[in-house]
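Chain lettering (A, B, C and D) follows the sequence in which the chains are written, and residue indices restart at 1 in each chain.
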Amino acid sequence: MQGFFHPRTASGRASLLPSPPWHYSGDLLTVEYRVNPDRVADLLPEPLTLAPEDPGAVAFIWADWQSCASDGEQLLDPVLGQYKEAFVVIRCAYQGVTYSRCAYIWVDTDFAIARGLHQGYPKKLGSIHMTRPHPYGPAPRVAPGGRFGASLAASDRRLAEARIRLVAPSKSNGFVNAHPMAHSRTVTAIDDPSRFRLDEIIVTGSASAEGGDPWSADVDHFALFESPTEELHLLQPEEMIGAYYRQVGVTWNGGKLLHDNLRGDLTAQAVHGG
Amino acid sequence: MQGFFHPRTASGRASLLPSPPWHYSGDLLTVEYRVNPDRVADLLPEPLTLAPEDPGAVAFIWADWQSCASDGEQLLDPVLGQYKEAFVVIRCAYQGVTYSRCAYIWVDTDFAIARGLHQGYPKKLGSIHMTRPHPYGPAPRVAPGGRFGASLAASDRRLAEARIRLVAPSKSNGFVNAHPMAHSRTVTAIDDPSRFRLDEIIVTGSASAEGGDPWSADVDHFALFESPTEELHLLQPEEMIGAYYRQVGVTWNGGKLLHDNLRGDLTAQAVHGG
Amino acid sequence: MQGFFHPRTASGRASLLPSPPWHYSGDLLTVEYRVNPDRVADLLPEPLTLAPEDPGAVAFIWADWQSCASDGEQLLDPVLGQYKEAFVVIRCAYQGVTYSRCAYIWVDTDFAIARGLHQGYPKKLGSIHMTRPHPYGPAPRVAPGGRFGASLAASDRRLAEARIRLVAPSKSNGFVNAHPMAHSRTVTAIDDPSRFRLDEIIVTGSASAEGGDPWSADVDHFALFESPTEELHLLQPEEMIGAYYRQVGVTWNGGKLLHDNLRGDLTAQAVHGG
Amino acid sequence: MQGFFHPRTASGRASLLPSPPWHYSGDLLTVEYRVNPDRVADLLPEPLTLAPEDPGAVAFIWADWQSCASDGEQLLDPVLGQYKEAFVVIRCAYQGVTYSRCAYIWVDTDFAIARGLHQGYPKKLGSIHMTRPHPYGPAPRVAPGGRFGASLAASDRRLAEARIRLVAPSKSNGFVNAHPMAHSRTVTAIDDPSRFRLDEIIVTGSASAEGGDPWSADVDHFALFESPTEELHLLQPEEMIGAYYRQVGVTWNGGKLLHDNLRGDLTAQAVHGG
């Protein structure tokens, strides 16, 4: 049976995903702020712990992507490769190393959901909108004073919105999403909802990346709204850190297993010859 | 960490899925036909084999669902519980028993995708439409001569369409989808696309069901269309069997592990004390 | 040039709408309540005035439709005929006669927008959901205690939601939407936004209708939400009247011109030989 | 009653459209080709006639827009201002002057439909996708060899697709869509489907425009597909002319009445003192 993802067939043509590497062009709008670190701890499964420095830092990020496999085919039939996403990144620590971790994420296509399942992103469907830079007319340039807005809705409810104003090129695009990602991948046993058949933490990140200067930005507006099926309202900012805007090109090509919760510490296994 | 599905949090409120049991009310439009059994074999991973009788039988099914957890909440905020699906069912054999198996399936919500991941349905997003019965006006009754149409599209391409005409109440709603489902659940290793971290076959089906009489129907029209990312055109009918229509109420509440491809035959393990 | 609606061509095949009569099967969920009559007056153009009795009465209605032209074709390719809508009905008076009038309406297809342009409904696109009755499983029956929910969103914001509980068959399906509709049709001059090229009031209603008993219902929940591009929050209930549920079949086949704002009172024209 | 478009209210806040001028930033992908001029004539209502030169020329154009009113608000809540469209432009003549004319057009938002009603574009809803230029990663630059794809679907059927490859900056962005637009605006009488209450031809175009160099492009692929509710298959290319790509900023601010079919030739009226 062929195919990187389901449905698998003799030819593999119907697979929802082509094999990695996956290549992306996109724009990132980031708002960073702080919450009570207890709210971050609420989102960390064992054995992950709070990051030692600035443990309550959160990044809310909107991204507008064009993506493709190595043959680039999805760029030219763009219903197969374009998508937008909005996501919340926190940080955590494992064995003394600090990682980024996506706590919540919404995307607007099925192939993006499927990639997230492989990469450990807890994706739901949402409706995501972002101002795009443009060289002509009323849309903003990537330049001082450029104003960009973004919104997220899911299940017919608006969940988040932001408006930023570019200030100047910046050395950083923020620090919360700057580490390798430590993500959970779990599968619940079909015969016992209390038991996992797979429960692992993987580490993943870009295989390569390029991009323009990040821009620092002022936050003109940032709002999170309550929904009966979401918990974003528990992550209301207590203190704003700042905002960033950046255009990037990224390649993703797998990761490594960091921890197997069903079998214990992989390092320990190695030490003991497991 | 609480929550039946991702994202998991301290409270579990953000989980994309409530815990089973899941309850459904819905309408099923089924078209059964035969293809060359080789085309069915193309869709069966080892150790599944062709069903011993009528191995080329296929069911193409459209369903229009209202679903909910035990508290019924999703019925009353129906963006959280209504969805439609179109799917292809084939049959297979494992250790001398015949099972049904979903080869392809499209749904129109994220919670339906997530349920499918748990249940082993290889779901993609699609746009699904079905005529609904209605007691007044031009829509059909569930009665002799009632005409029902259905269509499926994905990635902005029409993939399938059917039109049937009800004939009479029937003892059967078809035989292809009448067995317990033998479904695969797989997770590819994050560090090696050629290796599975989980590769199991589960068996699942309704915990309970009720419903009206199935209706037999004539097939006025059935068409499958080619798409660069699908393989439905390989399942063009060689011989029509018939069509069915039924309204049902169903409860789903888990299943059993049938085969672990990474560890081998579970029965053998049991025999040998594994 | 042929075709009931644009785009018009030599054959008329591409017309967004087939010619009337249009036939509908559908379910109606109605919540009636009162606001300050000034809020209704805010929605009435001259020469329409407040209804003499109960002038602040409002009906908020959700409807789930299957629609078709005379050949029924759209029933069987249901992407062409099914749609949902949510709308606000008020009442008004013209020359001593009381009319119903749709003040706001959202639908989820383009053909429904186009029909609304012909019929004078001020349609926007929205996302509308309604619980559907079903004979099996957890969805409600049309029976005492049956619980139905409904929601409306537009531009990624939830605008309205309701939950009702059926009590008993009723003689009435409400009174606010029970009159012929007096609707405006306007076209603004292309060279002067302050001037209309067409500004008329038409009267329209069902050419024929059938249906089951209306059901009276208790209102468990009704909420209107604010949006920067809507005014529903100005129609918050001051006093609830009641709720209703009904399944109907309806035919629409045109209406009559009631008033031409550019040429004055049609009756007067007739009197004076116009 | 305030508001540029329906629904009109005391405040005008709920209007689906803000008042012009409307400002746009966007990208245009144009494929030009020739058909039998009879197929163009099939799309021209009296008194419009075929353009005297190259009467069978057709432009199929995809556009990806960000739009706003004078306060720019829709740029920053982009669900209110972004949309995509695909449209067919032909040419025609009226009183010795050549005009462009949109024969078919699909957009993906309601505000774009509403603008089209004012501007005389015969809009339907569709799903439109276009490759976007990007400075990083796999997406194309606006540079020699840059490959852009585009697709259109409506009613769950793919209607058109194109793939072009940029060659060099060009003096022209094509000639078919280069004239002022002569568009029809019609309203059918509510009491007589065979009679118009308004039937006029307006002329409209950009109030101002800026933009980068157009690029000429090779057409790697162009396909039109049949649909039971469309006529694009009648406009299959007999001869390709070329393709173009351009990024622009445009302002639209009204037009002029060219011809009133109910009252006859406006010029003649003027001559005769009408």
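By definition in this document, a contact is a pair of C-beta atoms (placed from the backbone, for glycine too) under 8 Å apart; a residue touches a chain by one contact, two chains touch by 3 or more.
Predicted, not measured: the structure shown is a model, and the values here were computed from it.
The chains touching chain C as well as chain D are A, B.
With centres defined by CA atoms alone, the chain at the far end from chain A is C. Relative orientation of chain A with respect to chain D corresponds to a rotation of 180°, obtained by superposing CA atoms and rounded to a multiple of 5.
For the pair chain B and chain C, the fraction of shared interface numbers is greater than half, so the two copies use mostly the same residues to meet. We define each chain's centre as the mean of its Cα atoms; on that basis chain B and chain C are separated by 37 Å.
Separating the CA-averaged centres of chain B and chain D is a span of 42 Å. Between the CA-based centres of chain A and chain B the separation comes to 30 Å, rounded to the whole angstrom. Multi-chain contact residues, meaning those touching two or more other chains, occur in chain D at positions 77, 79, 127, 129, 151, 156. Residues of chain D that touch chain C in their complex: 1, 4-11, 13-14, 16, 19-20, 42-43, 45, 77, 79-80, 103-105, 109-110, 113, 117-120, 122-125, 155-156, 184-193, 197-198, 200, 202, 204, 228-231, 254-257.
The touching residues of chain C, when paired with chain B in their complex, are 23-26, 66-68, 72, 75-79, 82, 127, 129-132, 134-140, 147-151, 161, 163, 210-212, 247-250.
Taken together, the chain B residues at the contact with chain D in this complex read 127, 129, 151, 153, 156-158.
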